[in-house]
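Once you scroll down, you'll see the structures, which are given as structure tokens.
Two complexes come next, and they have one chain in common, subunit A, joined by subunit B in the first and subunit C in the second.
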Partner chain A sequence: MNTTPNGFDLDNSGRRIVVDPVTRIEGHMRCEVNVDDDGIIRNAVSTGTMWRGLEVILKGRDPRDAWAFTERICGVCTGTHALTSVRAVEDALGITIPDNANSIRNMMQLNLQIHDHIVHFYHLHALDWVNPVNALKADPKATSELQQAVSPSHPMSSPGYFRDVQNRLKKFVESGQLGLFKNGYWDNPAYLLPPEADLMATTHYLEALDLQKEIVKVHTIFGGKNPHPNWLVGGVPCPINVDGVGSVGAINMERLNMVSSIIDKCIEFNKNVYLPDVKAIGGFYKNWLYGGGLSSQACLAYGDIPEHPNDFSAEQLHLPRGAIINGDLSQVHDVDPRDPEQVQEYVDHSWYTYGKPGQGLHPWDGVTEPKYELGPNTKGTKTDIKELDEAAKYSWIKAPRWKGHAMEVGPLARYVVGYAKGHEDIKDQVDGLLRDMNLPLEAVFSTLGRTAARALESEYCGRLQKHFFDKLVQNIKNGDSSTANVEKWDPSTWPKEAKGVGMTEAPRGALGHWIKIKDGRIENYQCVVPTTWNGSPRDTAGNIGAFEASLMNTKMERPDEPVEILRTLHSFDPCLACSTHVMSPDGDELTTVKVR
Partner chain B sequence: MANVLILGIGNVLWADEGFGVRCVEHLAQIRSFGPEVTLLDGGTQGLYLLPFLEEADRLVVFDAVDYGLPPGTLKIVEGDEVPAFMGAKKMSLHQTGFQDVIATAQLMGYCPETLLLVGCQPEELEDYGGGLRDVVAAQIAPAVQIALDRLAGWGVEAREGQADTSLLADRSILRDTYEAGRPSAEEACRTGDARFFPVTE
Partner chain C sequence: MQLHSGENRPSEEGQHLSQIETFYDVMRRQGITRRSFMKYCSLTAAALGLSPSFVPKIAHAMETKPRTPVIWVHGLECTCCSESFIRSAHPLAKDVVLSMISLDYDDTLMAAAGHQAEAALQDTIEKYKGNYILAVEGNPPLNEDGMYCIVGGKPFVDQLKHAAEHAKAVISWGACASYGCVQAAKPNPTRATPVHKVITDKPIIKVPGCPPIAEVMTGVITYMLTFDRLPELDRQGRPAMFYSQRIHDKCYRRPHFDAGQFVETWDDENARKGYCLYKMGCKGPTTYNACSTVRWNEGVSFPIQSGHGCIGCSEDGFWDQGSFYDRVTDLTQFGVEANADKVGMAAAGVVGAGVAAHAAISALKAAQRKTQSDKEEA
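== the complex of A and B ==
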């Protein structure tokens, strides 16, 4: 047994369990744990099994086009990467954006947060807690009563409605298309909901599907198209012409009214469905408080949603910025992504090389040079690994650290930083939820805390979206219809060399793009993405990453059915596509679980 | 008039994975359509495509699909076989595989009545930042012709000219710009994990 510098006792002597791939996530990820005789996880190893190479394909490209490439690296946070990219270029070249562009970008970013959070909860994560097969046994009348108790203002709650949904589910399951619900461990004792709660939640799975296809229309309106909306260095690509009727692409009153109605639908769904569901489902799992990992000791947020354009100072960001280390919530540290001593990436346990061991590189000086080699204690071969050797290199994900600390990022990290800073909205939300559920503050530092923080954030983002909508409309009324600043569009106006950084809070956490421009072309481009932070392997000093830490000391009901592992890993909303690349050549999505 | 959605899916950054997107791109360059036809670059997205499926009565999908045939072979799949077929192999990193999108659309009751998949067997996927291989690129025109024949059979008019490209990829990643602007192998490493990349030693 050994103790890591960040305080975890690792013991890899027990049975090894390999989960590969971890399903219902974006990208390809593998996880190995050792459990003791009581089924408790005593060692955890998380690895990205795909090579990451976005940076190298951008070399020599036009910086004004980088957003279009970065938007393709991932199937979910497309817009967030694009926004981060245009911010990095604007920062490098000193380009400012107009007020309307700030409001529209914020709305698109908030819209994506809400969409992602709702889809994550209902379509990727809920099945870790909710059993749709059990929903077939529910009594529709009792389900209706439950619905009215947990959310009296939600109109869709009659027994007939739940009976219809149940019949629809039955038909779907009987037609052999369990597709969406396959790979479940539906008779595992880790599932605790009564059938009525399962039917209620499964019904909302369907309601959320209907809603999410409306939510994304905001991206079509402001981004011209969806998926993969358009972005522009210097602003947003949509002109504003409020008096126009039906003109192609321009923002007119009809479109603004549509945006307004979508914003209201989001607010209503968060209030009537999402938050009540999290409370109701969470209530049945109140004693399952595993999965806190690093959240109580090391959290990082870059902050986002600037109230004013071109001003990223922490005090005017609606999503908070700051770092917490060593579990000291009384002190929130300033974060400066430009400081070469703050954000650094290590590769001693990653399949890359910097030439000399033990080195951490700031992203502006980042190097992405692969070096695939396995440690002496690896079981299997280079093309078929049975068990990784975590004492050596074992992941395609680099290990980013903040002043040497392994950090958690994401909704929970943002909420911990916000709470510690005394952010009014966040504090009110968190305190209110804990009061409603009769839980102490410590309960926040858990898998369920992560899931709850996401729901609270979705609610908060809904309100912010409305704020920026009103701001946009007011500004247009005041006669300002400018959406882009093209003063420095021409590369002849640029300096010979420039460097910049773009930051956002992606749905899954702090996202940064660092760019170096030379002679009008991209010289170096490095992305440090949220899942690089959360899914990082060990670093030179031996600190374990956030995923690894979160699995420690969790009790598994049945070690060959990794419900608990999936639960906690899913609570981070992992997205491996942009932290790594290329999936298994056989494309097989069935998880294999091996117990040794 | 029935609404037709012509959709290309896949990730253009992964060599032959971009086949579907490139087909729609090519179609838009050679034919124009009436308002009942929508050409869409679906890219790497899953659930984001649902609003488009909801509005369509007929769906044509171009995609790179692995069915173990020689590289560059075209495969036509229709109707009920499309979701089952696409479920056989999950080729891309779309958060929700396209078969899940179809299954979801069916569950919600807004799946298009007519489905046509024009698939192509890829030669190379493990080349991040790379373009289409010759054998796959050569199938773009034939694949598009198959779709045009089918559209004609449905009574959909396609004229010489260019289609609305507002729902297609940004010009910077259209095929010619994208493939011509690729950095050299010295600048951009093209090998990696032996489990996924061709062994070079």
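== the complex of A and C ==
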């Protein structure tokens, strides 16, 4: 047994359980744990199992194109990398954007948060709590009563409606072709919902699937498509023309009306379905308070959603910025992404090398040379890994640290930072939820707390989306139709050398892009991504990352069935394509990527 | 009922697809009315660019065809294809997964993980040998012995080859599987390799785009289920019905191009009037896709309509063709009748061979025009 600097007792003497692939996530991930004789997790090892090398690819390209490349880091949190990228380029070149562009970008980013949170909860996470097979035993009338009790305003709540869904589900299961439900853990005692709650939640799985394709139309209107809408350095590409010649092809009244109606749909679904479901389901799992991990001791948020264009000062951001360390919620530290001492990445347990061990590098000075090698205690071979050796290198994810601390990022981290800072909206939401569920504040530091924070945030983002819609309309009404600043569009107007940072809060947490521009081309590009923080392997000092920490001391009902592991990992909404695209060259000889 | 870990076998060992209940049976048993079913068939016909006279044929096919198992694997990718797929409006994604196909393995959406997920894959391969569709999102990296993408402790390329061996056909979703996409952009550090360069003995349907349009994705699957054959493919392996014409050919801003009316800078007066984006680097003139006809997200818009030029995301190697804002300089004035094969062949100097394809395309276009006018009247 050994104790990590961040306070976790690791013991890898018990039975080793391997989960690979971890499913219902974005990208590829593996998880190994050791359980003791009581089925309690005593050691956790999280591994990113893919690498794409996007930042290597960005070198030498036109900075104005970078948003499109980085957007393809992830198609689930689509757009958030693009926004981060245009912010980084604008920061480097001193480009300001018009007020309307700020409102439209915020709406797109908030729209993504809502879409992503809803799809995550219903389509990636719900099956960890909800048993669709058990829903077959439900009484549709009792389900209807449950629905009306937990959400009196939701119109789709009749017994007949639930009976129809149940019939469809029944026929699906009885066909024997279980599709996505095949080999699920449906008789595992970890599932605690009564059949009526299972039927209600499964019904909402289908409702949410229908709704999510509507939500994204805000991206389609402003960005032309979703996934992967289009962005622009200097503003947004969609012009506004509400009453002149050609307004049919621009953002006009019809387009604005469509956006407005979608915003209302988001608000309604959050209020009538998503939040009530989280409360109802959470109520049955109130005693399952595992999974807190780092959330009570180390949280990081960059903040996002600036009220005014070009002003990223912390007090002007609707989503909070700050860092909490050592479990001290009375002190929220300032975060400066430019400070070389704050954000640093380590690779001692990652499949990269810096040439010499033990170094942490700030993103502007980041280096990436892949180095795939397995430790001496690995079981299996290089291309058929049975068990990893976590004392050596074991992941394609780097280990970013804030002033040396492993940090949790994401909705819960944002809410912990916001709560600690006294952010009024966040405080009201959190206190209200805890009051409704009769839970103490400590309950938020858990897997369910993470899941609940995401739902609260979706609700908050719905309100913010409306705020920025109103702001956009008011500004147009005041006579400002501008959406792009083209003063520095031409590379001949740029300085010979420049560097900048872009920050956002992606659905999964703090996201930063660091860029260096030289002679009109990208000299260096580095992304430090939410799942890089959360999914990081051990660092040089031996601190474990947020995924690993959150799995510790969880009891597994049946160690061969990873329900509890999935539950907690999914509560972070892992995005592995994001976390492992990594790296980047800085022009020195260490940066060569080996191509064999 | 015991449903755990494959103990409840979907069917007897060795059962053939024809013995599985039909698509229509399942839809009816799941409480979908005959009327809704017929409406679905009409929408399918429309999505495929077919005239209403095809509706009864589609209905008949649906009534007699079984639910086909689909294995959906993921290599190096960003999951935008899966995200696009669930945006489908006709058919709805929920109807696809509940009633049209049996999505027996898809690591993005499936309930099971780890050993149970791998068992689901193996079970499906063995039970439906030669009868399942393999859908591939992303591509295998070949450097580092394939270990830039690991599934179940082994290189993804192994899983891909294993799943392909007994597949009836392979669908290469999106630019990654079709061409390599962003991770294969220069210098392609992982040697990310498109599917057809690794799987060489199976019919492969490329459905490029980053991502492809949702209704194009479900349209391709529906076509295969409905007509029990692969769609007609062009020389690059793309379904001719969706990829035979350039964005430019059907762009609603084309008249501005022809009239020489262009956006000169972002957000200028011409941009607000919806003029042509050619000078802003639009790749519509060299990109074959259905964006300007089917459009995106239930027809709400497409890139050009929302003010940004096409970046050419359904073309091979589109990441390495210069900036997205560089003007297309090799634009040759083909007529609207030109299709992907004809342009390619003209370039290769083999004019004439494309006549049959051209005739088919023209017929299809007639059907599309008919469908469009039907839609407008509706």
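Simple rule for what comes next: the second predicted complex is superposed on the first by the 568 of 596 C-alpha atoms of A that agree within 3 Å, B and C clash if a C-alpha of one lies under 4 Å from a C-alpha of the other, contacts with A are read in each partner's own complex, and residues count from 1 in each chain.
Throughout what follows, a contact is a pair of C-beta atoms (placed from the backbone, for glycine too) under 8 Å apart; a residue touches a chain by one contact, two chains touch by 3 or more.
What you see is a predicted model, and the numbers here were worked out from it, not measured in a lab.
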item	value
Partners on subunit A (subunit B, subunit C) - clash or fit	clash
Partner chain in contact with A:331 - subunit B first, subunit C second, else both or neither	neither
Touching partner for A:261 - first (subunit B), second (subunit C), both, neither	neither
Touch count on subunit A, higher of subunit B and subunit C	C
Touching partner for A:369 - first (subunit B), second (subunit C), both, neither	first
Touched partner set for A:562, first subunit B, second subunit C, both or neither	second
Which superposed partner A:69 touches (first subunit B, second subunit C, both, neither)	both
Contacts of A:377 with subunit B and subunit C, given as first, second, both or neither	neither
First (subunit B), second (subunit C), both or neither touched by A:225	both
Which of subunit B and subunit C A:78 touches, first, second, both or neither	both
When the two complexes are fitted on chain A, the stretch of subunit C hitting subunit B, from 9-17, 117-125 or 189-197	189-197
Contact residues of subunit A, present in both the subunit B and the subunit C interface	26-28, 49-51, 53-54, 56-57, 61-62, 65, 68-69, 72-76, 78, 119, 123, 168, 172, 177, 179-180, 206, 209-210, 212-213, 216-217, 224-228, 230, 248-249, 370, 372, 382-385, 396, 577
Contacting residues of subunit A [partner subunit C, same complex]	18-28, 30, 49-54, 56-57, 61-62, 64-65, 68-69, 72-76, 78, 119, 123-124, 127, 133, 164, 167-168, 171-173, 175-187, 206, 209-210, 212-213, 216-217, 219-230, 232, 234-241, 244-250, 258, 370, 372, 380, 382-386, 396, 481-484, 486, 489, 560-562, 566, 577, 593-596
Interfacial residue positions of subunit B with respect to subunit A in the complex	11-14, 41-51, 54, 66, 83, 87, 89-97, 99-100, 103-104, 106-108, 125-126, 128-129, 166-167, 169-170, 172-173, 181-183, 187-189, 191-197
Touch list for subunit C against partner subunit A, complex	1-6, 8-11, 20-21, 26, 29-31, 67, 69, 74, 76-84, 86-89, 92-94, 97-98, 101-104, 106-120, 123, 141, 143-156, 158, 181-183, 185-192, 210-211, 214, 252-253, 265-267, 271-275, 291, 296-298, 300-308, 311, 313, 319, 323-325
Subunit B-facing residues of subunit A, complex	26-28, 49-51, 53-54, 56-57, 59-62, 65, 68-69, 72-76, 78, 119, 123, 168, 172, 177, 179-180, 206, 209-210, 212-214, 216-217, 224-228, 230, 248-249, 351, 368-370, 372, 382-385, 396, 577, 581-589
